[in-house]
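Pasting the structures in now, so scroll down.
What follows is a pair of complexes built around subunit A, which joins subunit B in one and subunit C in the other.
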Partner chain A sequence: MNAIAVLRQTMWSGWTDLRIVYTPTTWAFGWMVRVLCQVVFYSMLGTLLGDPERTRYLLVGAAVFIAVNETMMASASTTWERMSGTLSLLAAAPAGMVTVLAARSWFWVATGTLSSSIALLALAPVFGLGLGPGESAAAAALVFATALANYPVGLCCGSLSLRFHRLRNVFSNLTLLTMTAVGGVMVPVAFWPGWIQWFAAAFPAVHGLEAVRLAIGGGAADAVFARLGLAFATAAAWLALAAASLWWFQRDARRTGSIDFGD
Partner chain B sequence: MPAFWAAARAQLGEFRRDPGTLLMLVTAPFFAVILLSVTEHGGRPDLAPYALLAPAVMTSIGMAVMEAGETIFRDRSTGVLEALLTTPAPLAAVLSGRIAAITAVSLLGIAECWLVGALGFGIVVAVEHPLVFAATLLATAAGTAATGVVMAAVFVIGRNVRSFQNSLTFPLYLLGGAMVPVALLPAGFEAASRLFFLSWATDLLRDSLAPGPVAAFGPRLAAVLGLAAATFAAGFWIAHRLVRRVRRTGTVGFA
Partner chain C sequence: MAPGPGRGDAEAMSITGFDAPAVDVRGRSRDFATARGGPPRRALDDFGLTVAAGEVHGLLGPNGAGKTTLCKILSTVLLPTAGTARVHGLDVVADAKRVRPLLGIVFGGERGLYARMTAAQNLRFWAALYGHRRREGRRRAAELLERVGLGPRADEPVETFSRGMKQRLHLARGLVGDPRVLVLDEPTVGMDPVSAHEFRGLVEDLRAEGRAVLLTTHDMAEAEALCDRVSFIDGGRLLRCEDPRVLGELLSRHERVRASGVPEALAERIAALPGVERVRSTGPGAVLVETGRGGAALPVLRTLVEAGVSDVSTAPPTLEEVYLHLIGERGMAVRP
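Presenting the complex of A and B:
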């Protein structure tokens, strides 16, 4: 019961954080303009290469990875407790900080799903990707699954950011760009040497994106679900890693008394 | 001028103290890998110079915009901004110094991206017209710094414009033709992009890497320089106006 109460409070706190990050105006005219420009930027590579098929490939990859991009922001938002001075209170509270830190950034999953789906569905007709209502709904649902599965990766970066506060954006950006480079976002994973392909398979978002591609490319349902299974299986491993890392941070910070002096 | 150099030195110190401010230089090689993988996989080795130039340009303009904003916000939160406004040195001179230092450091991205091509993919991009390249690069650096000054000046007005700071990079990459020449953009966007110095600069930089002759070099360089000068003028004017405004309203620290 206590865990549920903690979660409820945490979710509420996340919601208020989100309202500080964006107003409807800054979201629509700031963030969404950037999102659309980013997806167009990458899709135009296909135009430059003069290959409509590649344009569509780039569009889907870039649009779905907006959701991944936003969930990586959990890396920075995990450290907001430190900035607001609540981290030491959390360390002292009997509920512990692991659940709170793990759940506080949930809102990125929601906004990531929203902006990514809007980018994909709005730009699809512009770049000649025909999506029916069923495919659109499946794509949005799978984008949500991808965001959810990538969230633990963002948390892992967040647990590092708590220790190395100034590098909070470095961890998340490097992880995101590594996934973007090798994860079948711009070019198929098969373009890379075998060992890189294995490395790429460790990231949930790579499987999530593949599931989206299968679903809108008319792939069989069981193939889509198999990919989704892989996404959540790897996500579970990342979640365990994130929880262990956060727990370790809590223990270490309490033992050394360094919680507010970590910078 | 002393304010300019002092500000430049302060900014270099900032880079040393907080390596997080050099994020864009860390991400540049990743963008090079990403863009180069697309052109290589597409079987277009002729576009490799595009793919290696783009991340360098993105790093430069991205750093100018992001770090220019950060500078103002850091100064505001540490109370430095208020102190700055009480000194006789014009804010625009201080901003120019800081952003000139940022832009100079950001040019390291060119070497990084070239190395990614050479070491990672075995693609050595040659500069076919070194003089054109060097002249355009200098003009581009001036324009980039000017863009940074405009952004920093706008950020003087208050905290609430900060949420737009993160959103500026990709629109600028797109309108600046960082990777894809603006000629491939829809007509309306292309016309708008021609008011931005970077669209002229990136076209010229790409031409300087290609073996063919560079057409109309003089007028195109003049366009880069003219637009850069206009951007500087706009930045100085905005800084002047907004400084007057926050002085009158007394909201330097609270805005």
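Presenting the complex of A and C:
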């Protein structure tokens, strides 16, 4: 089977899905306005506390987690195959469904990177975070890396949503809330007890966010790359988990009959 | 377009052989678990069926009869509970990966297509999943779209298509892997008569190419027009496998006459006519006359018209009525 051809066609299919989600107008005046308001809201908490350091911390956390938020939407879009009635056809196709389901939601990485980077770079000067061209470019690249690393987490939730369709939004929301709570978005990871810190370290986005903070805070390149390495190492584990879960879903559906023609 | 084995399967087919029946189902059963730990529901019960290469085989049965369950098993989407099913000699359980390139699946309705993608993009997507490289996928998509009459609309989004056009695209998608066996699950459901007629023409072309077609339908006329053989299925069991000429005979033999404004005395006269099996009252002065042999409807119509009854119509029996006749003749019981 020509995996590259499958990936290329699947990514094109995903691109057409994106046009269901947004038009340029709804993205700019709907989604982006909401994103900017959300980041301003959290950053204002720091301003109200009169703590510039806290303000910048909240700004970066809230802005970078927009990318995480969007890539978690891969959970919902993974189930769109069932809604379009193509799931049974994928199950019966020689290439199977795992590659298609794993690749179809890639566009969230692109839109997440874009909206998160715009929020971070546009609002940084407003809240007293001066970023030079080099820091801005590094921040955008690391936001992309964070989104990419978090994508398998969304996929994993998507595979569970396919399997347990009635709970489809629960998995992604619970995971996102957990990452937001313990992942160093509003409060440092170090605030939590040790076992929670270990738990938080399982999420790629936590390392990605830390890499962004280090890069724009003058951290050493080695430290940034070490965090990036951790992000991709954990992402690889999540990707393997997602692939296994999707494969398990297909195998189990064949046994139980949970995929119908028209699904 | 000459049919051929799936890529990479040519050697396998020389072993298992195109000499083997296109579809060979023996003792197939499939149980489904029921809610609250009740006894399993049997969707297929010791089912057997053989479809030769180049045969269009109709599966007829009411909703829930087990037709789609059989199609899902053959398509490798569902595992059977017992028995064997082979496609050109390959077991759909043990050799599922080798069976998939040999099969094309088409089901009716609006679903199963990517609505925002164009017709050509849809086909190129599925071509990739069936192992075609980019250039080959483009060529195959263009060829199939021309074949189903969608060439001029190839670059338009599917969401702008009529139901008939979507159904033709479904068929093109089912053919994208150049399958030896096509599973058509109620493909003309909801189609207007012109589109359905065109669709049947395409199916006849497939038979001429030597492809086997397993067609599930509720439409007796469609089955009669298209199929080389038809199998009646209900409650997961094969009731009868017939040549459609026998089906045509059944249809004409059991013709029904509806009439209104029929006095009771006239109804009694009609009931006494040869070939009339039953006269049922369907309302005040309205009757349904069921005949039991070919040509019996004619004297009924003549008697009604001569008596001055003008509101008269004839109709073939419903599928359900033919079933009841079939079962009665063969002494088989329909499962609840």
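The rule is simple: the second predicted complex is superposed on the first by the 257 of 263 C-alpha atoms of A that agree within 3 Å, B and C clash if a C-alpha of one lies under 4 Å from a C-alpha of the other, contacts with A are read in each partner's own complex, and residues count from 1 in each chain.
Heads up, the rule we're going with is that a residue touches a chain if its C-beta (ideal position, glycine included) is under 8 Å from a C-beta of that chain, and two chains touch if they have at least 3 such contacts.
All values reported here derive from a predicted model rather than from experimental measurement.
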Contacts of A:Thr16 with subunit B and subunit C, given as first, second, both or neither: second
First, second, both or neither for A:Ala220, with subunit B first and subunit C second: neither
First, second, both or neither for A:Asn169, with subunit B first and subunit C second: first
Contacts of A:Gly85 with subunit B and subunit C, given as first, second, both or neither: second
First, second, both or neither for A:Arg54, with subunit B first and subunit C second: first
Touching partner for A:Ala244 - first (subunit B), second (subunit C), both, neither: neither
Which of subunit B and subunit C A:Thr256 touches, first, second, both or neither: second
Overlap of subunit C and subunit B interfaces on subunit A (superposed complexes): none
Touching residues on subunit A, where the partner in the complex is subunit B: 21-23, 26, 29-31, 33-34, 37-38, 40-41, 44-45, 47-49, 51, 54, 58, 166-170, 173-174, 177-178, 180-181, 185-188, 191
List of subunit A residues in touch with subunit C within their complex: 1-2, 5-6, 8-10, 12-13, 16-17, 19-20, 84-86, 88-95, 100, 253-257, 259-262
Subunit B residues within the subunit A interface of the complex: 18-20, 23, 26-27, 30-31, 33-35, 37-42, 44, 47, 50, 160, 163-164, 166-171, 173-174, 178-181, 184-185
Sites on subunit C touched by subunit A in the complex: 6, 30, 32-33, 68-69, 71-72, 75-79, 97, 100-101, 103, 105, 107, 109-117, 121, 124-134, 137, 173, 177, 185
